[in-house]
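Just below sit the structures, each encoded as structure tokens.
Next come two complexes, and both contain chain A; in the first it sits with chain B, in the second with chain C.
== the complex of A and B ==
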């Protein structure tokens, strides 16, 4: 091969080099924690906090985000995009209601609706009444002031309170977990949707959505829906994105090895004592990292053995480390001589 | 002792000592809760019994006969009259108790499950794939506590409760340690194996202590203060406490004291033993010293950053090293390091005497000038210092197999390091150059990988001793092989600042040099020839630069309309700037690719040195005149500012009247903010245009510095000469934090939205800032300082976690990435197996 001379050398401790290459620029990250993506007010966590979040393999990102593209035939139409956005945006009763007044005497709940918010969500009071009736089996009626009166079929005040909170939180419209969807326009004049939540499965089923190009920053969502290999790519993409945003150049190979290490066990593991380090076989590797006493105590009680295979314990004993030049096992000619002599002797 | 050499360690097995093993190991039964008697002698059977080892010079160990430093110390033991629980193991004891039957002590699994377990365990032993089943195993053990009826004897299980740190209850009845021990000792070896316990080294009843191992005095040395007062180690104090309570408990038992008193003392003994192991055990107050300071007991010695593991074992102190302040020196090569004479005379390198170099060795021994021999190490390992008195004798006895330790000399390979060592190029191999003075000298081009400057930075130097280490340093760590960063493959050992401005001015289209000037510059690069004359008696700057380039170099770079072209080793077109010779230089990539790292190193050294010299020759300097702009610029500035104020006023008016059309997806207030910010952005770029229009690099070094990329930008000139502009808050927006009356500072009017109310500064550094402007400016500066502190702590921890997670991964001969256990991480490193330091040789960027 032509590029043979540019290949890595066998033995190269690429894990350590990757760790250094990501850790070293950490201090250079721009201090801004939040970042406004475009004109729309979608804030996302960026920089070091986001990097830590990815490597911690948090179950949910602090600022979830989906980028949803429309099918080609719809992409140029603002109306279609708006329609889709309103289909996606979660609207809960509390979003369109000013307050809920519980009337314990008459065993009913009065919901004062926010006319403006209702208009923005493109809903009518009677629509809501219908939804609530269907969902909760409670009787709902619209007052003259176009507010709602709900009659739940429960008696106790505590149950009525419970009912009113549940009703306020109930989803009237949109896709569970999808958050707020906002329409934006890209350089090519195509409209796309940015949303502050995550639910790929449901969004993919929507008709006007280009299912292949949905992007989410939630790694676990990707893992649940598409599996580990996809999660590995999701981690890689998010790492690349986070670092590029900061104007830091880190070779992709370093990021790949992190993503691969996090997913090598078949699920998504974090970088830290609950993830990769905690799962190490070597007692000393774990003890030298964190929770020293706990690891030593457990090792003693179960009678564990450390086979001196990892880097950490070899450093503890002052031995050569089993990576890099230390990984090379040379057979010295002297050995061979002795062997021959032995054979002769026999 | 030979067999205990570290090389001999193949594995380390953990386990728990049985009382019998402790007694076997012990050389003394400790009974007296005291240390020294009135005469200052260690009391027999006391905690400093002389059989436990010696630490004072002159005394002899009663067990092994060794002197201080020879005797490794010996263990003793304490026999406790009542057993106590080892609190560190209480969670495991709880696990064992709840997993086994309270009556027949069998594991609470039915026979079928036991068979299943055995299969899984066997698989794991053979290292077969069984990840899914292992999870089941752990969960199954966790689930055992919910089993109410023993599947073996059918006994109903009472509710077992555990309360930290050492209390166990069966139903309402409290379990005493001896009762627990009885229960544990009845668990069969077979059942323990099912729970993953190696019963040969860790029988659970040994977790209940009736014999306590007493560490040797070497582990807990007493300190003699200047006043002659003895001060004992925290561990000794703790052991005294244990012995005292043990004695009292014994007396009370023998005297037939009421059970309640005995239980109280027993409890107290438990407390002391618990805190002896870990004085931060949750649920109990820490044992304190007389002064009120919490005692540092066994767990505290091991734990954390300053504990035994991270402080003494993962990190070690070394010999053959030196540390001092660094300063810059452009006259040494990039791969050299200037070493002060005093340091060079103190550090040594082994010289291995053979029959082929014995003459050289003799000369070394005879020398009374540095570099001279310091020690001679004889084949038996004895080290003899070379003195004038024994020099002759040593020369006579000189023979192959001996090792002479000689002082450092020019050309020796050493490792140079600056902390924090964040990446591998924080340690590089340099060649020694001994220089007068007391600082390490460093070529400035090699400062970037260390992230070093010369405002008082100190650096470390290590001398590799073995031939293997020297060879490794030379072939893997030399500066010339580290020009390209492992992080992204960009050049990091490059020219900077002075070098760049110098070469920029030298390679400008208009630069001509006299013969004297040209020879001076080229002599610095050890070049004896001159380029062809351009005009009469004058030499072209670009031609002088070309002399530094490797012969036959081909290179071309286009950036916008700027072309930089070298053909056949001659600079045909273009000017050297930061993007050519600075960080990330592609020219250096081309040199490395077309030639080799030695040529590359020489080019960097020589070009930078010529750059420094030409910068001096050209008289690069900055004074106040650089920043005094003429009247016209001042007028234009006023114009753009007033226009900006007008526009903002218009937007604010529109907003207040409710006429402002909101932008897509925002409220009117957000839109207003965005419009104002955009306006402020425009005014800044207009200021930039003014600077470019009125400041010319021909007459202004500040501008030349900015254009060459050596230092600063037009923005800096704007700040000094025109206006400071918008000061950003950390959120990225304008500054809003302030009083509840909606103003940032008391001098401002409440509720205003205008530019000056939220951090726009129209003053400049030359005229000085107004007080409110200064505060606005300081606002951002302070925030960034605070954030930097927080950020370094966070990123430091992230780095630690990353390195601990991935330090074991390395590339195999088939280019796959694995850990030493053989677990596969990547099938081909990075997908293509390309070395990141060489990506730029392959990919075009």
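== the complex of A and C ==
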């Protein structure tokens, strides 16, 4: 009985209500972001910019973030967490090198290493030399000042330049795309890792990681790895998180409608002219939203037809809007209809 | 260690470097104070970036300071005495290194004391007067240092809207709009700046007896309750002047406008009644009562196009009416009429209308603390709260308006205003002249001496029931301004009325008898409630409903041929058309699409 009571009535404009219910508190969002000095944590986009990012279905979040939980046997140990973090953190040659000097005459590249960065990344010059040799097939040697000299098997200066840039960008350690991992401790004293990148597929394979509780704020990453259903939940979670952070209470069901609308077509679509609005069937609906001329001209060129069935078109026309009281029509019994026609005919 | 060079910039361009910047800056300053360098040169040493900036160009805001050296103000008591005796003037102080002007950059090097008490050994300058931290406008308000800054900004904008004696020659002026307050008073709690500006000669408000109290919910959210008897005695009464202007314009071809009572044959003739108040010269007579629709200046103009004149009658008779008519909703008395010549050798007429503006519900008032409110209720004197002395406030201010806004100056003004009224003298509320405690205690002493409660509270009685209020009410005297936003000038109603030609939608704005826009967000509300029929009523039935004929065969828009009594499709010639009700705006859209070579066709469904 109670359940029946809480059901939405037929013809209720749930989309409109959802839009207003999210839009109105959205006007109260603070654009200012608080910084906590000295805290070892990653800065994430929050508030209105993040909300826009989610709804626009951006391919990559401006501040990607992963929260990696460890298996119980690892979670209590800071050392083990730290070990995992260093395993995850991306280290590229440019991160541990000060600069690359190309010697075109002798066809070699001198890499000046940053001793401090090297120490922080827990690597040795010979280790790097080995990695580069393996990856690029170039001869690498360590100098007295513990710098690297690379001899690529190419001739032309342009190729050498190309080689040096590629080497500088090459991944020496860590997981591709995982960014920088930081160890944090939660209230229960368990250690976990937050990271400024995304690659849940690779990280889930790591032995010490609790694969089930891995979290990412990259909706497309979730979509790629787990599919639309998961992406829909990811959108919902991110929306809830963003709004809650701002101290705004929006009913989850409104957000569910948004998440559903974004994923109903089998992939993640944005809310806007490139996404679900642009995919609307009605010409007038699209023209009323954005790029009016483009839609009208295309409609004319391709002879499109508009059924005039949605809200926007009917407002334009001055007809009853098919929501609420306008969604019901009077059904006339067959003989009554004939009778009416007869009257008209006379 | 090698000493870094300190570069010297003159008007933003490097002209050299010095080794001891501080010494150099000091030397330049001393030279300026001795008159060897122009007083308009400012020099600043910026230690953070180790640069010296010398500015001598235009466009720098600068303000004067008294120079302080070795913890002593250069403006000595002797000099002050000489100033008082008018032996010397301000320029003397400038020339003799007592006062100097600093720009924004040099201020960075200065440590400015507010007054002599605050001078320390590091102090370099002193304010001429502590009052100067506020602007002129804010300084006309009492106790500004006790208010929130945001309220100063608001007061500064409200005081500009205050009605008062705006010019002593108001009777000779023909301002397009003028607001003249009857019996303006000088504030009981004044300031030194107010007096120096001689604003008491152009006062713009009156001292109200105010009680901080609620009144049956009538002064919720910044509304105020006013005493009807006070208003009837003339409180905050004002006159509104409006001038209408017209000119006998000349046109190419020797024709020109004529001020006169238009003959009945005139095009756009407004009817005999409308011109009934005009004199022989076509201008309205002074002291005549005028209502909306009355003609103030009768004028005829030559026809707009020559073609119009070709027809029956001579050119002389074919004129059109271009009289000035009193606008809708306006009324008053003709105050004065003048007829003058212009440089273009045409005649110019000005008609000034005056109308009385007695405070009514919806009129706006504001104190000098950024506290504004509109009258929500005018209560008969007998229903207002009264004190045991029989004092009945002019205005009831809601106490909820005070704490959040932190306008403590308002309360101080009430207290000192009350004390000064009793003592029969004016009070000084200049910023920083006294501390708050001092102000309160001084007033408390006076109040006590006159047999009142020390801190301004009064035992009051409910005017309606006669019961004593459990709480005491804080009462006092506050200087209130009547702001020029008055309902009489803003009131407008419309049920049906004029529509725009292009869209067939109602016009917008008061001047055009327009409706209020039912906008996109309002639309969202109705859609959100599912109120389809109400939405249709707003957007179609009460707006731009149009009936058009749609061809059932080709889908184009047709028309009804009233001679043959059949609808016709101009495109396919069919007579098989259906009448549909749509918004005219949509028809316009279809027309515009056709204009850009897009042919929309409409397929009608079953009814």
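FYI, the second predicted complex is superposed on the first by the 323 of 346 C-alpha atoms of A that agree within 3 Å, B and C clash if a C-alpha of one lies under 4 Å from a C-alpha of the other, contacts with A are read in each partner's own complex, and residues count from 1 in each chain.
To be clear about the criterion, a contact is a pair of C-beta atoms (placed from the backbone, for glycine too) under 8 Å apart; a residue touches a chain by one contact, two chains touch by 3 or more.
Just so you know, these numbers come straight off a predicted model, no measurement behind them.
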May I ask you to decide whether A:310 touches chain B, chain C, both, or neither, giving the answer as first, second, both or neither?
-> first
Between chain B (first) and chain C (second), which does A:12 come into contact with in this model arrangement: first, second, both, or neither?
-> both
Tell me which partner A:266 touches in the superposition: chain B (first), chain C (second), both or neither.
-> first
Which of chain B and chain C A:325 touches, first, second, both or neither = both
Decide which partner touches more residues of chain A, taking chain B and chain C as the two options.
-> B
If you stack the two complexes on chain A, which partner ends up touching A:112: first (chain B), second (chain C), both, or neither?
-> neither
Tell me which partner A:300 touches in the superposition: chain B (first), chain C (second), both or neither.
-> both
What is the contact status of A:183 with respect to chain B (first) and chain C (second): first, second, both, or neither?
-> first
Once the two structures are fitted together, what part of chain A is touched by chain B and by chain C alike?
-> 11-13, 16-17, 19-20, 296-297, 299-300, 311, 315-319, 322-325, 327
In their shared complex, chain C is touched by residues of chain A numbered 11-13, 16-17, 19-20, 296-297, 299-300, 311, 315-327
Chain A touches which residues of chain C in the complex?
-> 523-524, 527-533, 535-536, 539-540, 544-545, 581-583, 585-586, 589, 593, 597-599
Residues of chain B that touch chain A when the two form their complex | 6-7, 9-16, 88-89, 92, 131, 196-202, 204, 207, 278, 299, 302-304, 307, 309-310, 313-314, 316, 422-424, 472, 476, 486-490, 663-666, 670, 674, 730-732, 783-784, 787-788, 791-792, 794-796, 798-813, 815, 817, 819-821, 823-826, 829-831, 833-836, 838-839, 841-842
So, in the complex, the side of chain A touching chain B is made of residues 3, 5-27, 29, 31-36, 39-41, 48, 51-52, 55, 182-185, 249-254, 256-258, 260-261, 264-266, 271-272, 275-277, 281, 283-285, 287-289, 292-293, 296-313, 315-319, 322-325, 327
